[in-house]
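Two complexes, one shared chain (chain A), two partners (chain B, chain C).
After this line comes the complex of A and B, so read on.
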């Protein structure tokens, strides 16, 4: 890939954003290695504070943020069987996950990865705090599965919403076939509102994590639009799909006769981040397209591939797909 | 072929062999999604009863996927030893089960039997096995395989060290690699799933891991789990790869959806033999998992246990170094909860061993499935008892790239110590030399990644 072009476009995008937003400059994406490292990306804390800003811009690992997080809004969860009134005289402290002092080399190693390394052991087993932290993060990820994107975001993006044949969460999970098909009303709506035969059709869906879309889609979408515009590539009418599956792009490609589809979708929440988004790309997706023809840029989030950079990069991938008239394994073959 | 039975005062008719095979499965959400699962628990048991009285030849002579339509079927059938098949073709599936479980049947007998069975026969007997049957029978078989070192010996449990990183950052990968090595992980392979499936990125990761292995004289092997075509390009450009990885499936159409064919794998075989850095003779790493054919809409109305078994029939043709099912990864639409994941893990491991392949398991779960770390710990105990060749481990079981949880470095060390097992012999000797193991278990220093600082 052309790294220079990617960084050039990223630069252009950022300049443009600075102009349009004035002092409200969004956090500028650095290259992944230069990113302030988010060691334990704590989704619980993140949601209760209502913003990721504090986490994303901090140089401190979240373990410490968690301790300092007490003055922020704390949601009280009381067990239904809790019988005694809380004794106000005893202050309730945030749980300390700090596992004790670490050697210099362990600290240095931890700077390079969000993986749970340098955690020590109790016999052959994990330490108690490490174990509890892991269980808490899993609990947060489980609770973050599904969710819906806010009306507010859809308005900001200026996109309309369509639905699949899925009716509820449980059905979304157990019936992928229904998430790969549009509802009848939605088909009509798309045909009515969208520009037919677009060069590039961008679509967005919550998938398994609405918070992934909430956190990343604005930056990615803006950078992608900018990148495509710089490359003189025409974009169709973007829309949002509630509870879509990846292969839904085939039906949409068929319906609109799109040349390339870029599909931004929320990934299954992980422990490091419940806010990771993927971008799937495919040349002429149609009913019956095989998986090997799709391409994916995954791990788009602040601790992975930064959203602005991802958007700019996607533009160059689209350009390449159009040039070779192929995607996925086919593209690899044609590239030689 | 009799497909009806009166059972508990009720008459059950099954439409076809395909129907009996599907309905005889333990409950799986994937079979339900495909619309082929038993509708009641009694119907499930009735199907098992019908299946138990079918003959081995009934299954082979009524192919679920005819050879003329499917290269996976052709490969499986082409590998059958007709002499051995002839000895068992008139057995019922009931007899086959009891032969496998008999105290007179050991490693040598099962390996011989293996050569006479196609994948559907192995799937059929699996459907009559309880979970403990699957553990007990699989544990009789010892399958050795050799890339740079030999793994699979009785009394050993090997592991794949999976130091993935969300941006393929080399320092990050090496940091997790050091941590894993310090717990004695990584004798099966040091295998990285790349975020970026480009040739450049694959070369970079292969080179960095190989350099680290050479620097510390580690008796193991490396692998980057990109698409086979990407790995082949990287190798042609000089990247050091000890083996070639690929995800496979149980039908030709599903394989095509993965962008592979038997010819492509043969081409890769030629390449890795000539240009690979691994000694061999076993130079392939395959991954499988129940439900992938259905996911690719290439299941042909066949149940996911039978299709999974066909993966192993396809795999054994290429004499792999390691094969593993990624048992809880695919999602709740195929394996709904802990119970289904545990069952599938035991089935897959048993079916792999019955095919004579070096079978491992990625014992794992995603965050949208009804399972947690306790459930995979349960399965890891069962599989260790079943003599699994290797399992996969990531830091604290949390894969920060693939966003799912597998076993931890701690878990592998714990299983070894609890069961009195060891890593592969050549690797154990290196661990002792490095001071990571002492008296056959973790030393006081183990678990400290600064062991790998000079």
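After this line comes the complex of A and C, so read on.
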């Protein structure tokens, strides 16, 4: 199944769950396709068999959702006469989500964290709503890794694109070393197009989250540009790297002899946000630069450090790096 | 990690007593290394507590400012700190002292003379909140879901602040205090005007010269406590109640627990009444509070401070630290007594007209005749802004504010959310010459005043949000 379909189905299921009123008749979820993708059954079928058989053929919906009966189905040992099923009299009700009844304290605590607290439980497991939300967030994270930055955005930013030695996403994930080296054509392209020996070289890469770049890079980049221009600091020729790793900045630093590199890259997505971006900075990164000389401002997204404010702040960090001619641990030492 | 230390002073000029504290704050970047810095006060230490002295008066209506100034300089000597070292803090004039003829002059003069950056404050609502903070009640409310009322009863007024989950949800002030009736040689020497108004309903009101043991004195105290109980239970609807100062209670949840602070409270919790050298109704009021039936349904909590709650609050709880990414023109700081106007940015209307209306209304409110005084434009609840939005907003701000600003009147912008650096920077990019103060992560309201201190080494500024309401008699 493709990504869009998965997210569409999940959304549909969640919408259905959230409806507080439901009818007794089976409902067919409306989808744009001719053949319904999902069917909901509100009544319990095949009760005796206990299992449902969903055979997906081209004629049948892809997913079938059954509303199982209430916990009354469980017979207690004391009253059990095994010939008579006790749940015959239980009327079958349409599905309804329990209304959330959070105490004021839990509501107050929820304001302070995006974590999944106060979600309740069903036996030893999370509730369906929580579980679906979790699946949705997980799917978004996967999408972020496998997604691509649109051509449209690169045009808006007016940047050209280069590649690393990586050929596809699987290789990108399994071979970090290849993501740290430019392809031969890219080296030539950079040398041909970029201003040599720039004071500040800005580079952008999708890294592990294309959505992070899609959502945040424009505001961060424009704010950073403005900040550096206010501080009278020259910027080199910005470009975009497909499937780059952080340490790739060493090779680019070497190639262009840049003084400071600011590297905007998508972070490994999590379940709170799949759109978080980092800005790595380094003074004179060259082949062999150690990690202690790099510094990072992470968690740049709408729910973390606001992209605009991050961009403006990055300008002052660049200024500091240039003033002390150091970054990372050495900068902290020099600052005293 | 590096820390920096600043000194703070707090002075409380109350109806019957005046006191002072000197404390030190430790500031530190509490954000992780991969984050934008966030500077917070991580430690507060009280270095010196003055004795509690009687507020000196020249006559009934004039405070003896000279004596207070002498007292303050004496306390600085004892604390071994020079006034010029005081980087922040507040002086508050409370209770009936705030109604005296020279109340405003006294706080402003002392604020200017008694510390490098000391802030003048006044206002019954602020008093209640500062006392609740100083007594640790606000902190206590974070630990439970209970709605707690802190009742600060001094000589002249009872200032109620109600809070839950560490946030103030309402305030109310009453003319209930230990000094509303004073005795001399076993006779009534004075009765405060609100009490006279209260007794107008009586057939046989008390008068100056009546015996101190008169049963009507007890009736009077009973009625004060009764009013307090009704207010706390949310049963008082009479806006014109003679004991009410200002507005009716504005909290919407029932109060669960109560805490008493202020001079009268020291008789409630500490049994120190024998030490009280004041010949007034304070002691009887405390006893009545302890006994009153309608107050027994509340849970009684203990404060960390009683008589010194307000001064501790003024000295340790009034200073806030701005966000770390801000844009400030260091030359125009410090700024004092800047009124705030809330500019609510509605995404559906354009920035230009919103800013224009806000600037016009603020001009009407704060400028006296043609004399333009600075004010701060406050943006609460900004929607998510893109770079283009910020640019449009800054152009609107410059269009309407650049003409009225000068070296003495910078553009002052206060933002609730984290946008100060980008807005300040964009204004500078458009017009590099206007002086600008743009700070964020501060919560204020129209009607508040804001004082902004000098830039600290870590790049942040101390900020005091306050009111300046000298209520009349």
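In this text, the second predicted complex is superposed on the first by the 222 of 336 C-alpha atoms of A that agree within 3 Å, B and C clash if a C-alpha of one lies under 4 Å from a C-alpha of the other, contacts with A are read in each partner's own complex, and residues count from 1 in each chain.
As a convention for this text, a residue touches a chain if its C-beta (ideal position, glycine included) is under 8 Å from a C-beta of that chain, and two chains touch if they have at least 3 such contacts.
Just so it is clear, the structure is predicted and the values come from calculations on it, not from any experiment.
Engineer: What does the overlay on chain A give for chain B and chain C, a clash or a fit?
Structural biologist: Because the two structures are overlaid on the shared chain, the partners are seen to clash.
Engineer: A:105 contacts which: chain B (first), chain C (second), both, neither?
Structural biologist: both
Engineer: Where does A:263 make contact in the superposed view: on chain B (first), on chain C (second), on both, or on neither?
Structural biologist: A:263 sits against neither chain B nor chain C.
Engineer: Can A:290 be said to touch chain B (first), chain C (second), both, or neither?
Structural biologist: In the superposition, A:290 contacts chain B only.
Engineer: Tell me which partner A:223 touches in the superposition: chain B (first), chain C (second), both or neither.
Structural biologist: A:223 sits against chain C, while chain B stays out of touch.
Engineer: Kindly classify A:303 by the partners it touches after superposition: chain B alone (first), chain C alone (second), both, or neither?
Structural biologist: After superposing on A, A:303 lies in contact with chain B but is clear of chain C.
Engineer: Thinking of the overlay built on chain A, is A:313 touched by chain B (first), by chain C (second), by both, or by neither?
Structural biologist: second
Engineer: Once the two complexes are aligned on chain A, which partner has more residues of chain A within touching range, chain B or chain C?
Structural biologist: B
Engineer: Go through the superposed model and pick first if A:239 touches only chain B, second if only chain C, both, or neither.
Structural biologist: Touch partners of A:239: none, neither chain B nor chain C.
Engineer: For A:333, decide between first (touching chain B), second (touching chain C), both and neither.
Structural biologist: The answer is first: A:333 touches chain B but not chain C.
Engineer: Which listed stretch of chain B (199-207, 217-225, 325-333 or 343-351) steric-clashes with chain C in the superposition?
Structural biologist: In the superposed model, chain B runs into chain C at 199-207.
Engineer: Identify the residues of chain A that lie in both the chain B contact region and the chain C contact region.
Structural biologist: 103, 105, 298-299, 305
Engineer: Which residues of chain B touch chain A in their complex?
Structural biologist: For chain B paired with chain A, touching residues are 29, 33, 163-167, 169, 171-176, 178-179, 183, 195, 198, 227, 229-230, 233, 256-259, 295-296, 331-333, 336, 366-368, 372-373, 394-405, 408, 410, 413-414, 417, 442, 446-450, 453.
Engineer: Inside the complex, what are the residues of chain A that reach chain C?
Structural biologist: 103-105, 108, 218-219, 222-223, 226-227, 229-230, 278, 295-299, 302, 305-306, 308-313, 315-316
Engineer: If we count contacts the way the header does, which residues on chain C are in touch with chain A in the complex?
Structural biologist: So the residues of chain C in touch with chain A come to 33-36, 145, 165, 325, 384-387, 390, 417-422, 425-426, 428-429.
Engineer: Taking the complex as given, what residues does chain A use to touch chain B?
Structural biologist: Counting only chain A, the residues touching chain B are 1, 32-33, 103, 105-106, 109-110, 112-121, 123-126, 130, 134-135, 137-138, 141-142, 144-145, 173-177, 208, 267-273, 276, 290-292, 298-299, 303-305, 328-329, 332-333.
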